[in-house]
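Remarks on the structure that follows.
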Amino acid sequence: GQLVIKGSTTVLPYAQKAAEAYMKARPDVAVSLSGGGSGNGIKAIVDGTTDIANASRFIKDSEVQMAMNKKRYPVPFRVALDCIVPVVHKDNSVKDLSMDDLKNIYTGKAKNWKEFGGPDLGIVVVSRDTSSGTYEVWEELVLRKEMVTPRALTVASNGAMVQTVAGTKGAIGYIGMGYLNDAIKQLTVNSVLGTEETTRSGQYAISRPLFMFTNGWPTGVPLDFINFIFSPTGQKLAREVGNVPVFNPGN
Amino acid sequence: MTYPAFRKERNMTSAGRRSLKEKIIKSIFLGIALASITTLGLITVFLFLEGLPVLQYVSVKELITGTLWYPTREPPLFGILPLIVASGCVTLLSAIFSVPLGIMTAIYIAEIAGPRTAEIVKPTVEILASLPSVVIGLFGLVVVAPLLQRMFGIPVGVNLFNASLMLGFMAVPTICSISEDAIRSVPGSLREASLALGATHLETIIKIVLPAGASGIATAVILGMSRAIGETMVVLMVAGGAAMIPESLFDPVRPMPASIAAEMAEAPFRGSHYHALFAIGAVLFFFTLVFNLTADYLSSRYKRKQLSG
Amino acid sequence: MPIKMSANHLSFFYGDFEALSDITLDFEQNQVTALIGPSGCGKSTFLRCLNRMNDLIPGTRVEGEITLDGQPVYGSRVDVVNLRRMVGMVFQKPNPFPKTIFENIAYGLRINGVKDKSLIANKVEESLKQAALWEEVKDRLSASALGLSGGQQQRLCIARALAVEPEVLLMDEPASALDPIATQKIEELIHLLKASYTIIIVTHNMQQAARVSDTTAFFYIGKLIETGETDVIFTRPEKKQTEDYITGRFG
Amino acid sequence: MPIKMSANHLSFFYGDFEALSDITLDFEQNQVTALIGPSGCGKSTFLRCLNRMNDLIPGTRVEGEITLDGQPVYGSRVDVVNLRRMVGMVFQKPNPFPKTIFENIAYGLRINGVKDKSLIANKVEESLKQAALWEEVKDRLSASALGLSGGQQQRLCIARALAVEPEVLLMDEPASALDPIATQKIEELIHLLKASYTIIIVTHNMQQAARVSDTTAFFYIGKLIETGETDVIFTRPEKKQTEDYITGRFG
Amino acid sequence: MNTIHQKPAGLQKRRLLEGLFFWLFRGAAVVNGLALFVVGYFVISNGAEAISWEFLTQPPTDSMTKGGIFPCILGTFYLAAGAICFALPIGVASAVYMNEYAAKGRVLRIIRFGINNLAGVPSIVFGLFGLAFFCIVLGLGVSLLAGILTLGVLTLPVIIGATEEALKAVPDDYRKASLALGATQWQTIYRVVLPAAIPEILTGAILGLSRAAGETAPIMFTAAVFFTPVLPSSLFDEVMALPYHIYVLATAGTDIALTRPLQYGTALVLIVLVCGMNLFAIITRSKMRKKLKG
């Protein structure tokens, strides 16, 4: 059988991991996977050129309308959560920032770490490309519709964010939780540490759900794949790529 | 011996079919040649076709002079001035590296090096030209950026300066090889005349050869800058990507090609962002067209001068 | 002897410049006619009118008439390709193709659609013999023609022209790029060939004209000054200009 | 007359090819010496040895000695720039710089560090007068030199050479690209110049050699066959080869 | 009166200046070599470890943090070869028209002008064009074919330029000789001119090939994908490609530091491919030119 998956780059690492594991389990199925962004994924469902569309946001009304016109019924599955955590250079003494602090930093109002009890060091704001899903979350939840400072460095991915923040003393950035490593330091937000639990429970403020859409209720291979995703094995994979599983699959 | 194979058509007339065939072949070739320039036309058409709709969302003036590039906000802000300025800055700054380096290398190859040495230096420059831009970008990202950070004590190594440096090296081969042609095409008799008057080789180069090859060298410079302004991967990887008007050498910037490359993949098809990116493409195309036209004009003038001189 | 080719009131223009004016001249069959005159007087231009090679130069114009066997060469129904097969040409600088010796000669046959291998081989041999080159090259027919000496190359070009069995042979200073021995061979060859061809030769070399030609025509600044039997022209020319030129007083 | 320049057992090699062999020849001060000989005999090569223009050709080699005022021209302490300033040269094809007439002449002064404007202007005028060109160009000194006729250009080149005040003037067929009237002007000029300069001239034109030179040297295949007073060489040459050449039997 | 042994006052200084400048010029040439050396050394010294048989023949695994780059090699090969298959006939035909058939005049000037400008269009603009025209208007989507066509258009001016040079280098004598034998123009072109020009046209094609193989921007939106586990089986499949793979790993991978060796390895493969082809073309071309001269 064949399975085509398209869409969100945010979901891509998870989808890829899942696809690899799925193909190992079902050698007769060839999964083809590509990015293109949430919008293009949903458009592909509407056009019928994909079996599964990844999206880092919910379907828009206008897209539902288009789907109806073409007699297609996109069905959403909330496959994982994306928990986004602010990170700084590992030598930075700052530990916690409030949502307002983050906003001030990202709009360019705050310029030095000493305003937050840190060292006397200029803040280097690192952000993601404005079209990225992670940026959308950040913009919506942290910036609350204010504009990120144009001085912000932009990087293309979580990985690049880690690289940049790790290599830059004054940097602050934000990444999907799974990308955390020793080279960088996670900050608590409003004194809450972003973890799987705090995210699932909604205590931690900066997160969003990730979706896979099928065309109508899935049958056959797509159904099998979705079932795989929701199996503990599938959910563990979400954890591996840095997303938060929708339920605790155990270790 | 006689050969009926062609003795039989021994008269000058006839052969209508053959000439028809010739005509058909010729028109096929014309067709193909026209088709290949039609692509240029098509490029223009599609850039405008997909770029113009952005004017539903912004006016031309706002587009060109707006300083805020927030293409995914609601409502989006499409000010591409920072991108244009960034492109201009990296291009000019890279010219500061590439122009002297390119021309001096050209002088070395054409005037100073012996034929053996020239045979090594020239391919070196050509190979430099063939380095894939993504590899240069990688180099800038992994090697040059940390180096700059350490050397200048700056917070980030991916910035205007880094991008210009990389672009500069990419433009050197273009500038060098075209300048070299220009220098070589200066008649040897002028060189001899100058040397025979007791001028040193350097004086001959600077006062006679370079002025005589000036329009060719100018063409080289412009084509080199044209290459720099259109180059994508380097500015995508090492310019920093901040859509602001730079105030210092070490500010991160977001030149036009970088914006297109970074955002196009995820811009919703035929949405405002998509159209805006095509509009940037059109602006970029316009810039390179101006460069190319200037180069074309200069080099045709230079050819004419050579023919008459 | 019957008249093979003739020019009637021929004028030729490069753009506005009249390179030939009002030339009337006949060429008898199986005779060698030499065209002489100072540099730039239009000899080559005239020669190229005879097989319409001038057609290739844009912006040129012909007035008057040239006939081959009584038929107008510039007639509207004339196919230049056919004309050029009947009126062969040898150039000043030997110009063999960068092919083998064999293929150089075979070329003319192949473009005429001859496919029969033995026919081609026979004709190649015959032409090379006619051009007095066979003995020198018969063992290396498949070597590159570019490896031959200048004189051999020129004879190869003559053989190549003969292979398509022209009726008239035009030669534009065929020996001027050659050393004295090669020149002598070419001159001997012209003697042999005139039995089967009508030959028109341009030369700068008075001695050569005197040696090889039956008839001589003297051109001067685009005009035909005098024509007649070679003996007469070289001993008792009618015109002062001819005499001046022949005795080396100018040119 | 004292000897200004002389060659002693001079041989010259282009790679392995010996273009000059064992030439011994003196040039007297304020005399015109003509070098004659068939094409390729090495006249230009010899001339270019005198101001070391041959240095520019890679792979060449000199044996023997050339002296200027008794000092070796190929000596290790000699700066060719200095040498060439003292031994000026005029080429076969006029080669004015693509600059104004004035700047062409001023060039030699400027590179020698002359900055004084009135000095330069005076010298330009003087040189142009010496080269018998002043009257023709005085009203358009700032026009491009490329707009001059061939003969004027050649005189400009002579003026340019004179402006740096050389002591010897080498001329390689200076009139061969010119029409008869321009040629005559150049010849007259040579007559005038020999009062102040030592002149060595290469020419193909026997009449010219006879007209302008005091001494003539006949070269043949890289060897100096005969040298002596021009009258003698042209009327009673000692060697058969010289006589053959002068009477036009070869070359 | 001065003699050749006494340097006049200014000359010493002029000579000094000359020496100084010549060292500068030499230095400039050395900088180029150095730049090439440094980049080459960087890629080779880092990349060599990554190269293994597995690396060259296996697909990437573990979210592209392990495994090889075989699909990228294959994809780049398909893209570049396809682009040349598309551009070579069209390019050669255009050049033949321009050089052999077209009368000097307005049409030729316009065509040549168009080609010159086509050569100067930035590669990202080709990418945009490919996206709008091939992917969308022609409905090819993101596919091998769309990438091939985009890269084909991009290499067209390279091919045309090289072919024109090659045709110009064919002496007119050959054409005249052929026409005077009664060959038609097409016979002359086909049997004499093109065979004489073919070696140089082919070196031009190799240059085009290497250019196509090294480009990233034009295939970004038209052909290349981040990851596809299947090898392209039809022209309508998406492909992975070496340059895009480097870009993705270096800027958008899941763990950039971890994949550095893969990045260097891929860069090494790409450089060997591209510069190797280039070097080959440069060397054969210079050999050919020498043969022509000698």
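Chains: A, B, C, D and E, in written order; residue numbering restarts at 1 for each.
By definition in this document, contacts are C-beta pairs under 8 Å (C-beta built on N, C-alpha and C of every residue); 3 or more make two chains touch, one makes a residue touch a chain.
Chain by chain, the UniProt names read as follows: B = Phosphate transport system permease protein; C, D = Phosphate ABC transporter, ATPase subunit; E = Phosphate transport system permease protein PstA.
On a predicted model such as this, the values are computed, not experimentally measured, just so you know.
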item: Number of steps on the shortest touching-chain route linking chain A and chain C; value: 2
item: Farthest chain relative to chain D (centres taken as mean CA coordinates); value: A
item: Busiest interface, counted in C-beta pairs; value: B-E
item: Approximate Å spacing (C-alpha centroids) for the pair chain B, chain E; value: 14
item: Rounded Å distance between chain A and chain B, as computed from the means of their C-alpha atoms; value: 38
item: Mean-CA-position distance for chain D and chain C (Å); value: 43
item: Where chain A and chain D are represented by their mean Cα positions, the distance between them in whole Å; value: 84
item: Residues within chain A bordering two or more other chains; value: 9, 35-36, 155-156
item: Numbers and ranges of chain E residues touching at least 2 other chains; value: 14-15, 184, 251
item: Contacts with 2+ other chains: residues of chain C; value: 81-83, 85-86, 112, 164
item: All chain pairs that touch each other; value: A-B, A-E, B-C, B-D, B-E, C-E, D-E
item: Chain D - residues contacting chain E, complex; value: 68-69, 71, 73, 75, 77-79, 81-83, 86, 111-113
item: Residues of chain B touching chain C in the complex; value: 1, 3, 5-7, 9-15, 18-19
item: Chain E contact footprint on chain A (complex, rising order); value: 9, 12-13, 16-17, 19-20, 23, 30-36, 49, 155-160, 162-163, 179, 183, 241-242
item: Parts of chain E lying in touch with chain A, wherever the complex brings them together; value: 61-64, 141-142, 225-230, 237-238, 251-257
item: Complex interface listing, chain B residues touching chain D; value: 114-115, 187, 189-190, 192-200, 203, 207-208, 211-212, 305, 308-309
